[in-house]
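Questions regarding the structure given below will be posed in turn.
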Amino acid sequence: MRTSNSPVRVAIVGASGYSGEELVRLLLSHPHAELVAVTSRQSAGQTIAQVFPKFAGHPRSRTLKFTEPDVAALAAQADVVFLALPHGVSAEFAVPLVAAGRVVIDLSADFRLRSAAVYQEFYAHAHPAPDLLARAVYGLPEVYRDQIRGSSLIASPGCYPTSILLPTLPLLRAGLIKPSGIIADSMSGVSGAGRKADLDYLFCECNESVRAYGVPKHRHLSEIEQELGIAAGAPVTVQFTPHLIPVNRGIHTTLYLAPAKHFATAAEMADLDQRIAACYRAAYADEPFVRVLEGKALPDTKNVVGTNTLELAWRLDPRTGRLLVMSAEDNIVKGASGQAVQSLNIVCGFPETAGLV
Amino acid sequence: MRTSNSPVRVAIVGASGYSGEELVRLLLSHPHAELVAVTSRQSAGQTIAQVFPKFAGHPRSRTLKFTEPDVAALAAQADVVFLALPHGVSAEFAVPLVAAGRVVIDLSADFRLRSAAVYQEFYAHAHPAPDLLARAVYGLPEVYRDQIRGSSLIASPGCYPTSILLPTLPLLRAGLIKPSGIIADSMSGVSGAGRKADLDYLFCECNESVRAYGVPKHRHLSEIEQELGIAAGAPVTVQFTPHLIPVNRGIHTTLYLAPAKHFATAAEMADLDQRIAACYRAAYADEPFVRVLEGKALPDTKNVVGTNTLELAWRLDPRTGRLLVMSAEDNIVKGASGQAVQSLNIVCGFPETAGLV
Amino acid sequence: MRTSNSPVRVAIVGASGYSGEELVRLLLSHPHAELVAVTSRQSAGQTIAQVFPKFAGHPRSRTLKFTEPDVAALAAQADVVFLALPHGVSAEFAVPLVAAGRVVIDLSADFRLRSAAVYQEFYAHAHPAPDLLARAVYGLPEVYRDQIRGSSLIASPGCYPTSILLPTLPLLRAGLIKPSGIIADSMSGVSGAGRKADLDYLFCECNESVRAYGVPKHRHLSEIEQELGIAAGAPVTVQFTPHLIPVNRGIHTTLYLAPAKHFATAAEMADLDQRIAACYRAAYADEPFVRVLEGKALPDTKNVVGTNTLELAWRLDPRTGRLLVMSAEDNIVKGASGQAVQSLNIVCGFPETAGLV
Amino acid sequence: MRTSNSPVRVAIVGASGYSGEELVRLLLSHPHAELVAVTSRQSAGQTIAQVFPKFAGHPRSRTLKFTEPDVAALAAQADVVFLALPHGVSAEFAVPLVAAGRVVIDLSADFRLRSAAVYQEFYAHAHPAPDLLARAVYGLPEVYRDQIRGSSLIASPGCYPTSILLPTLPLLRAGLIKPSGIIADSMSGVSGAGRKADLDYLFCECNESVRAYGVPKHRHLSEIEQELGIAAGAPVTVQFTPHLIPVNRGIHTTLYLAPAKHFATAAEMADLDQRIAACYRAAYADEPFVRVLEGKALPDTKNVVGTNTLELAWRLDPRTGRLLVMSAEDNIVKGASGQAVQSLNIVCGFPETAGLV
């Protein structure tokens, strides 16, 4: 899609939210991409540097202005278009841009599900472009790298699903855990709620506060269960509880899993522990953005914030027979914009870590 | 205004903001007051317990419902009405309620200034009820206790002014500092911005952030300079810089003051130090809500949050010849609702600490 | 134990930690208690007001000095002694004070377990006073009110156990949930780690961080399982995962429970929902410190911090068949010092809410 | 000092504190530097990845182990040695390493002052290597770039001084402000206190707290006054008040300055405003790490955290005749480790922004 020496031209639609802002940060510094357009209704006419003074050090930020979103202009200017829009709105851009031969990397939920019916169940409106669902690839590079490579419509995963799927999928595929009874208990920083004026997310309403929300049927369950179901070869139902905690960024997930084979003795436990370690090593030893902690360390969001890395660790509990897996990621990077840039790198044939370390 | 054994009937207009909520908390527990009405356009029809579950332990919170604000109903129900409204709106309630013989304790800026012209200069609109200004008392009990006692219109001071006036007035009245060159550098928690849906006060915009705002002519300067001018007997101009910091509550002010008499030797410095200590003791030794720290301790907002106490400490700097005074208070209690209840206690003849410790 | 009109004389051993400090706050304001002694090796010789300036408003704080802990002096001065000491140390004071006829309310883990063997398993040292275990009462007033009334050794529950037991015990006793498969996923503020100089709890190590710890066998499991086992009439094994989040105070627990009876239809679900509501109402409608949220609200630590209230809510999940119960409490109040004062009120025959609202 | 194509070999002494950790981060990613040694008594024997899991993505972090500090080994391995040690300790390494021909970049205060007597006055012990003071360069690149270029002992400035000097020096040199009466009121994040186990810096002691400290004679005054005095050509005395606020990183400084020439009319004020703008443009338009905000924006630490940029803005106050200048920086980057790497780039002839954007 490009000549070997020129950078790929990229655009961001909806660049004034938290994910959009992070895309701006990553793409301004990307060694092989040139940011050619950023759109935002509220910021149109202003330069990036005016809207985000912290990026003023990049020369491009002082000349590139936000524009009103316009499909024809985007198609003319950009090779790859990132959509950082609310669900239900992305299709309006994705349909014509894909038709025009552009690569679309969508950060919304609109193209993550294979089934328009499931979409309607969880998002409470008809899918705006069901014909495109079959063309979309779920943009989790550690699972769908090959499919991403040739795709023109990449549905970048949700923040919670990333934190749940990466720890769970290898175990499920290896038959080490049962597909039933999975519980995912997650905590997210407030940036996950987006940059919107809402009393619930005022500083004083979140600081010194912890609360669950969206129980028991959060929208992200739809993609979590879809991907776990594919790995298990049968439908999977998950218990998922998100909580809001007073940090800007970061998701921590604790997973409660049932080993496929009961362990009773210390020897059986040690054996299972080794098989889990081997499973994770096989899956992630060569992955640049998954860090499996062995030894005593447990995941901590402060060790991944600002990076595209997800870290995970596990513990077998001989008292309950369960397997606990904990993960930590930056919800805006590996959980959104960083993972989208990872897909950009794959689709364009760049080193996968380009612009991400 | 009441028989000796029945509680005073109090109402709160605008009870869903942070100051209003704190008034609800204080008045639900007040030993001599009965909360008879709370108004809020957005919460009308709901009980206090529904809007603020944390107060559900008080039986009254489960029966008393928010209503639309209505002057006639307020005049009929309440002896004392607290107005927790934005500036410019209070007069609409204060004028008829005062005319009806009720006591009004206004937490807005509307009746703090003696001059309608100064009000217009700082608040950018004509004063809505200039005739009432002469009747209003500036509700700083440590200064105007006697006038509050017989008043029917008490203009409760602003949060920043309280943190600046209490440390400065005794020194100015005693002639220990010059009235010129006063600098007040303040930091406030985010609750000071009110409970309103505004991107600037989202958790992620305030957390891990510090910034000045409202420089160089913040509205609170008008009342600060009015009260310092009265104490000095001549106009006073103040440099005041507020900063927003990521705490829910608390104001810390550092004051840079010029001693009236130059001190050069260690003996002169020790003498001045003693005179300052004596001045503060004379002013505040018997005040229940001002704590003068002697010794090594410095004010810390965490020692006053949730209380009606302002704490202060001072240091003479022999290198610069200046006097530094630092103060800390809870901006919503001593800086707003607690101080207003202190005025309630005075005007009703209750012990001044009733419901406040 | 006291004449009807004189206040009970209370002492606090280990008053410089977070629980000790909160006991000081509560007991200085308690209408029927007189704080006669506070001990702390590091603060001995200083008044309460010097160590905790925020309590300086209480006259007693300016005269009462911290002393070195001394059993004979405590026995001579106090009717009731609170022990806010690390586990393993309390027995040294509890044994002689109980022998001397004093009431001991112990906030450590030392007397919470009925079995010295279980204590040794979880705390890794022999129990220091196994003979006293049979005399101790587990100080959860909502469960053991009658036993507390006549006791001279009250083992006040741990913070996590309180947040788990109050939501679970009524359901278990009513046979509404299975005793197996219980999962408790908790988040605690940093005060739970105590006031000790440890790199792990520095501001910069906790702020903008979330992490699990103590998995899979946290010490609090011992008392959680003991109490659930008593309610179930058979041993219970629990999965418990604590997480550290950047708030000063507050514990939020999400419980994953299995209804005793499978529900399949909407009608069955509605019926079970009604039975749970009825169960909680029967247990807690008259309890001053448990708030059962019905309707849409979910527990939020900011609604309970600074109070002795635990709030809880539940949701049935028709997709998984599970029952989720969420609770929120202040770990230092209902989870420690407030609950201990509640026991004081019971043992002394005061109104149970005295000094706690 | 190196051949053109090989990277410079760098070592960090004291790499386990916050500044040391940030040096590790910056140098692991530096395009022209190779990290060859990191020392720390407490972490000796562990790899960087073990001590700081978040750096595990860098291959070098998984092989390079912390060692005990050893001058001979450092001299043998490294071309440039960063010292991230407490004041008073650096000289022990700086003296032999400079003698051995190595370049030393010291982040402590030990070589910032030209006068051993002033050092003793502010640091309360004799200077450990007074003979070296004359060889040291104050490592503020925007001022001493040429001297840094040829230096072998660079004393990297303190965090507060950087936030005060960069806004003030150009104005002072241009004669736009008086050298007398300067007040600097600063707020710092808690990382400024270092990674040390101290009760004062526990999460619960800093969160929801603001307090002044070190008044009125903080050690950083010595270097602030030295550098302002050099610029003014005469001794300068400064009023400096640091405050601790609950953020991990960031310093905000508000400076109160007296224009050299009184301005009375709007035209005079506009003229002075233009001259200040021109002065800052002349000083900083070509500086990669100083951002002068014109227009309405004010500095905000959240816009500079994680970067080597200091941002500043100014306001003239016609009411008081003063000039206010506000600055924001990351205390650990521009205020410490980033600025030290900037000096590395200068001394080695790298692009000054290498590894810093």
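First chain written, first letter: the chains are A, B, C and D, and each begins at residue 1.
Basically, contacts are C-beta pairs under 8 Å (C-beta built on N, C-alpha and C of every residue); 3 or more make two chains touch, one makes a residue touch a chain.
In this text, all values refer to a predicted model and were calculated from it rather than measured experimentally.
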Exercise. Could you tell me which chains make contact with chain A and chain D both?
Key: B, C
Practice problem: Average the CA atoms of each chain to get its centre, and name the chain whose centre is farthest from that of chain D. | Solution: C
Practice problem: Using the touch rule from the top, work out which pair, A-B or B-C, shares more C-beta pairs. | Solution: A-B
Quiz prompt | Centroid distance [mean C-alpha coordinates] between chain B and chain A, Å | solution = 47
Quiz item: When the centre of a chain is set as the mean of its C-alpha atoms, what distance in Å lies between chain A and chain C?
Solution: 39
Quiz item: When the C-alpha atoms of chain B and chain C are each averaged to a single point, how far apart are the two points in Å?
Solution: 37
Self-check item: chain B, residues touching no fewer than two other chains
Solution: 205, 207-208, 246-248, 302
Quiz item: Which bits of chain A are touching chain B when the two form their complex?
Solution: 18, 189-191, 195-199, 201-208, 246-248
Quiz item: Which of the residues in chain B come into contact with chain C in the complex?
Solution: 29, 52-54, 56-58, 208, 288-289, 291, 293, 297, 302-304, 306-307, 309, 311, 357
Self-check item: chain B-facing residues of chain D, complex
Solution: 183, 185, 187, 205, 207-213, 215-217, 237-239, 241, 243, 245-250, 252, 254, 256, 298-302, 305, 315-317, 319-320, 322, 324, 326, 328
